[in-house]
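Across the two complexes that follow, subunit A remains constant while its partner is subunit B and subsequently subunit C.
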Partner chain A sequence: MIGMIARRLIATIPVLLVVAIVIFAVLRLTPGDPATLVAGDAATPEQIEAIRRAMGLDQPVIVQFGRWVGDMLRGDFGISLISGKPVSELIASRMGATVSLTIVTLLFTLLVSLPVGVLSAWYQGKALDRAVMAGSVVGFSVPVFIVAYLLILVFSIELRWLPVQGYKPLSAGLWEHLRHLILPAISLSTVYIALITRIVRTSVIDTLGEDYIRTARAKGVPEWSVLSRHALQNAAVPILTIIGISITMLIGGVVVTESVFNIPGLGRLVLDSVLSRDFTVIQTLIVLFSLAYILINLLIDISYTLVDPRIRS
Partner chain B sequence: MTTLLSRPTGRAGLSLLALAVSGLALMAQPSLAETTMTAVMEAPLRSLDPVITTSYIVRNYGYMVYDTLLAVDAEGNVRPQMLEGWETSTDGKTYTFTLRDGLTWHEGGAVTAADAVASIKRWIQLDKMGQVLSQFVTDIRAIDDASFAIDLTVASDLVLRALAKPSSLPAFIMPAAVAETPISEAITVSNGSGPFRFAADEYNPGVRAVFLRNDAYVPRDEPASGLAGGKVVHVDRVEWVAMPDAMTAVNALRNGEIDLIEQVALDLLPLVEGEPDITLSTSVIRGGQSEGRFNFTQPPFNDPLARQAALMALDQTAMMQAQVGNPDYFQTCGAVFGCASQFPSTEGSEPYFKGDIEGAKALLAQSSYKGEPLVLLHPTDFLTGPLVPVMAQSLRQAGFTVDMQSMDWQTVQTRRTSKAPVAEGGWSILTTYSGLADIGNPLSFMAIAANGEKAWFGWPDFPAIEALRLEFAQAANAEEAERIATEIQKLAMQEGLLIPLGEFKVITATRSNVTGFLDSAVPVFWNVAKQ
Partner chain C sequence: MSVSILSKIRESGILAGWATRLALLILLLIALMATFAPWLGTVDPTLLDPSIRLQGPSAEHWLGTDALGRDLYSRIVYGARVSFVVGFGVLAVTAVFGVFFGSVSGYFPAADAVIMRVMDGIMAIPGILLAIALVAVSGASLMTVLIAIAIPEIPRMTRLVRGVILSVRSEPYVEAALTLGTPTHTILIKHMFPNTFAPLIVQGTYVFASAVLLEAILSFLGAGIPPEIPSWGNIVAEGRKFFQLVPGPVLYPGLFLSITILSINLLGDALRDALDPKLAARL
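Here is the complex of A and B:
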């Protein structure tokens, strides 16, 4: 196990290097110059050039790349070209909101999708199953921002139960923290609930047809136990896979939700940085996202061995 | 069974945890007595140097944190702000300024003449009006801690008009050590002498900027008027919250989560019109002019007849309907300095902007245009984006071959710096907009400069216009200034120096318990009270 983890971690190095090269090249090939944004409309070409020099953008691309990678290896993510703040500080200030939103969304998704998926499998072909399948199609089809605006209209504008927007850190109080995340998490989770519910249903249906399930029932094991201990546990590998994919999709896919609910997270930081061509911030974020994807996939692989003895052996 | 909760230590631990969480919550909240004004501004604040960039949100930040030596009141008169007053030498070539008492920096220490001199020296290199002024300045010198002088080669009050200019770039006064930052480097610290202190520890670029009342600020005795007069602050905190989604901002205002939206998206106005808790106010002075610009260095618009044909083909009403929609919030105007400005002459614009396609075809036939494609830059995420397709259609109808290229505003900002032929990445027409506060003066309006390589993008080279601008700088009185501005207007239309595309107003929405929001050229938060 330790050997496998070590091999996987070592394998991340070339992956991250390729990501770094690709993102650096793409950004330099993209039209747009952060110096023009900083200089404003009235700047002369000489002023823009002076700002480019001060930003280090006049250096050959290979020199800029080498400097960036060298600084990254020393743990220095550089300075935002637009705000002048350290990139690490910007990311740290945005990380909490995205992590909180991801965790609450994931918990809500699992709380809904696991029981609903199992029940849907249990009542396969019945009215409940058909309703769940129809609901999952709706979950897949309705864009996140439509769900978000509908929730805001009902729960914020009409009922005034929850805030329209904003984010409060945990230090502002647990309830204050959660009440700002409820609507965003529900909006964001609709597509994942639909996805995971379907996977759970399919996996459980597959396992319910296995011989050991028939044996358990013949031995008089209660149905709830057949479902939870025998069927769901043996269906866990594909479910864990889709949960892992969902987490990685969540990290990169919160841009719309963070914008609609005005949550100052990493998704908005990516969008702002792309629009303002803040190269140092975009580069660092993409590399960090890649690293997060790799680590999450590694954790999912490790979790397979915990739920399935065959993989462990 | 013993559980964690049944053990005394466990209960005590949970109680302590609850206390700690409550304490953190209290620490994170402003005290109950504090009055906080939460506003969504036209753009997020991302940088802190109001002299290096013409971005309006950074200018607005400048007015919160810094102060100016002079300011323009609601009637357009120049008034002292940080100054006790000024004297002019008998030959009119030396101005001596005296700072008023009680001016201090947020981080301590008195504002001195040396600070003012250093700030003017940095500003004069970057501001368009400052650059004109610098042609007449021989020295800017501190006399003592409270007074300084500016020596000129000619007798002119240009120095007063320049130091009082309200918008990009105002002459904000900074500590000398900060003002000595080279113009190629952005200032990243915030230490002013204005009515608000910047809460640097709460600043999250692109997300939130917080300003605290500067209790040490001594306002002038006169009532607030325009950007002049007493800057009396009635709230403890002002928070600028960035909201990328305009609908979210409107919903947050309806829900009472914010107090003010500086510029409401016009298509969302029906959501707030008629709401009893929301007050809408329309501002002309904070409105703007949409503008087009030819590339004078490349065919076909290096030919004045082709430029005139294009001006004749364009239809301001149709373009403004595309950009703004509701006719209550826009007006057509052929004045390059704006119809609400001090110089509203529209002379020379009579044949243009009415969509005269036949007239345009006739002019185009006389020009050197041979049907080569012209590149029209179309910023899809910018205010003028919706009017560009209308512009393209008018030009096509007049006989131009139009290649409308859609891109984001950042790409336009880079692309417009290209002087290459259109086939090699160049361009023919771009669009932008300016606040009315920035266009009303031939010296400060960047798009009126016609000094070739040094001019704004498009690089027009018309020595006659430049000569008039220099003459304007030395105008003896208001009548002479108006005559010269009218001459510039006529020449600008004749040469197609600028394409006025119409003027639009700004709608501000506030909760009804907010009062005192001034209708000045810049959105400011002194005089604002929250009941």
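Here is the complex of A and C:
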């Protein structure tokens, strides 16, 4: 077990290196000089040159890359080109909103897609199942910002139940905090509910054909228990896999949702720094998000062995 | 080979399903709309008229006007062009690179490890972030958006092609061709590529759908198509400021966008069921 984790951790190093190279290449080697962009239109050549030196852009590319990776390994993510604050400080101040939004979204997604997926599998081919499958294609196709504006139109503008946009930290009270996260979380979860419901349904249908399910039923185990304990538990691996793979989609969704609802999280920070061309912030954020994706998938791989003892050997 | 794909589609009977037929009809109509945009009762989609800002639908402006007094209907009709150009463009770029890297990776074990590690790395970077960063540094243009959307899609296409090549590599007819001394490129082109057509078509429809979606998201975020070109994402982006006053500029392009993506996804599901029974059974 520990050997497996160590091997997997070592295997992430080349992937992380590729991530760093790609991000570095994208931000440095594409046409468009970062120093000119940062300096703005009114800058003199001397000012641009000064910025270039301050950003280390006058050094050879290899040196720049080595210095950047070395600094990151020491936990130094540099200084924001726009606000002048340390990047780590900016990220820390925006982390809370995004973590809250993601947790509420994942909880809501599981709360809907697990029961709906199991029911759909149980009623396979019947009207309910077909409605769920049709709904999942629709949920997968409507862009997240359209879902968001439809929800705002109905629940904020017409019914006036929930705020149009904005964010309140947890310190403002649990209900205030959640009230501002309900619509963003529902918008963000639409795609995942569609995706995960489908996977739950297919996995449960697969396991329902297994011998042990027939045995359980023959023993007189109640049907809800067959579905929830036997079928769903054995369907855990594909469900976990799809949650891991869709983390990149979730990160993209967070950028859009935080923009629509004006939530001061990491997604907003990505967009703000991209629009203001704050390169040190952009590169750090992309590296951190990619690292999160890799680590979450590693954790999921490890958790397979917990939910499915067959994989342990 | 394409003949057998066509006959497979016909035999499977997917075209008989009303949902697939409706999806095809909708896509055809939107494609025609994009092609014949100037002749569909539209005016210049960039024509400003401050005296008629944010109006509701009327006989003159079928879907009303936006915050700068531009005709919303014309902007949406012209916006379809961007979606289709981006969809087909990304599909072409992804297919070319995916087939190239995938077949090199699948056929030459020496290159496999390197190519797959690079693809793993690109897959670990969230696609939207990579795309908006690319657009931000290279400047907003149709070409940049197209390439920015294509790059994150290439690894999945590469893996798909590689998988097919690996699985046919040990087939007797390939072994036979190898023993006969058939040149590598002939084996690849004559014996291996035809096997990739069916999965490529299925994956291609999903790439198309996700390209249309991603272009709209990038443009919505202000990191996509330049604002002077009407695209569905741009129209929503400009309309969002006045959403509480007039929801039309957000909802109408949103409706077109959703229906287009839904139709492509339905078509993709039908093609998957017809061409890729193994995958269809798993989902």
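Please note the rule applied: the second predicted complex is superposed on the first by the 296 of 313 C-alpha atoms of A that agree within 3 Å, B and C clash if a C-alpha of one lies under 4 Å from a C-alpha of the other, contacts with A are read in each partner's own complex, and residues count from 1 in each chain.
Keep this in mind: a contact is a pair of C-beta atoms (placed from the backbone, for glycine too) under 8 Å apart; a residue touches a chain by one contact, two chains touch by 3 or more.
Note that the structure is a prediction, hence the values are computed from the model and not measured.
After alignment on the shared subunit A, the placement of subunit B and subunit C results in a clash. By the touch criterion defined above, A:Met72 lies against neither subunit B nor subunit C after alignment on the C-alpha atoms of chain A. Using the contact criterion defined above for the overlaid structures, shared-chain residue A:Phe261 touches subunit B, although it does not reach subunit C.
In the superposition on chain A, A:Thr202 makes contact with subunit C only, while subunit B stays out of contact range.
Applying the stated contact rule after C-alpha superposition, one finds that A:Tyr149 touches each of subunit B and subunit C. Of the two partner chains, subunit B and subunit C are each touched by A:Ile157. In the superposed model, A:Leu57 makes contact with neither subunit B nor subunit C.
Of the two partner chains, subunit C is the only one that A:Val22 touches; subunit B does not reach it. In the superposed model, A:Ser83 makes contact with subunit B only, not with subunit C.
Once chain A of one complex is fitted onto chain A of the other, the partner contacts of A:Ile251 are limited to subunit C, with no touch recorded for subunit B.
Note on the chain A alignment: of 116-124, 224-232 or 260-268, the part of subunit B that runs into subunit C is 260-268. In the superposition on chain A, the residues of subunit A contacted by subunit B and by subunit C overlap at 31-32, 37, 149, 152, 157, 164, 259-260, 271, 275, 277. The touching residues of subunit C, when paired with subunit A in their complex, are 117-118, 120-130, 132-134, 136-139, 209, 213, 216-217, 220-223, 236, 240, 243-244, 247, 250-251, 254, 257-258, 261-262, 265-266, 269, 282-283.
Interface residues of subunit A, counted against subunit B in their complex, comprise 31-33, 36-45, 47-48, 50-51, 53-54, 80, 82-85, 90, 93-94, 149, 152, 156-157, 160, 163-166, 168-169, 171-174, 176, 259-262, 264, 268-269, 271-272, 275-277. On subunit A, the positions that touch subunit C within their shared complex are 14-19, 21-23, 26-27, 30-32, 34, 37, 137-138, 140-146, 149-150, 152-153, 157, 164, 198, 202, 248-249, 251-252, 255-256, 259-260, 270-271, 274-275, 277, 279, 282, 285-286, 289-290, 293-294.
Every residue of subunit B that touches subunit A in the complex is listed here, in rising order: 21-22, 24-25, 27-29, 44, 46-48, 52-55, 126-128, 168-169, 182-186, 188, 204-208, 241-245, 247-248, 251-252, 254-255, 257, 381, 407-408, 410-411, 413-415, 417, 432, 446, 454, 456.
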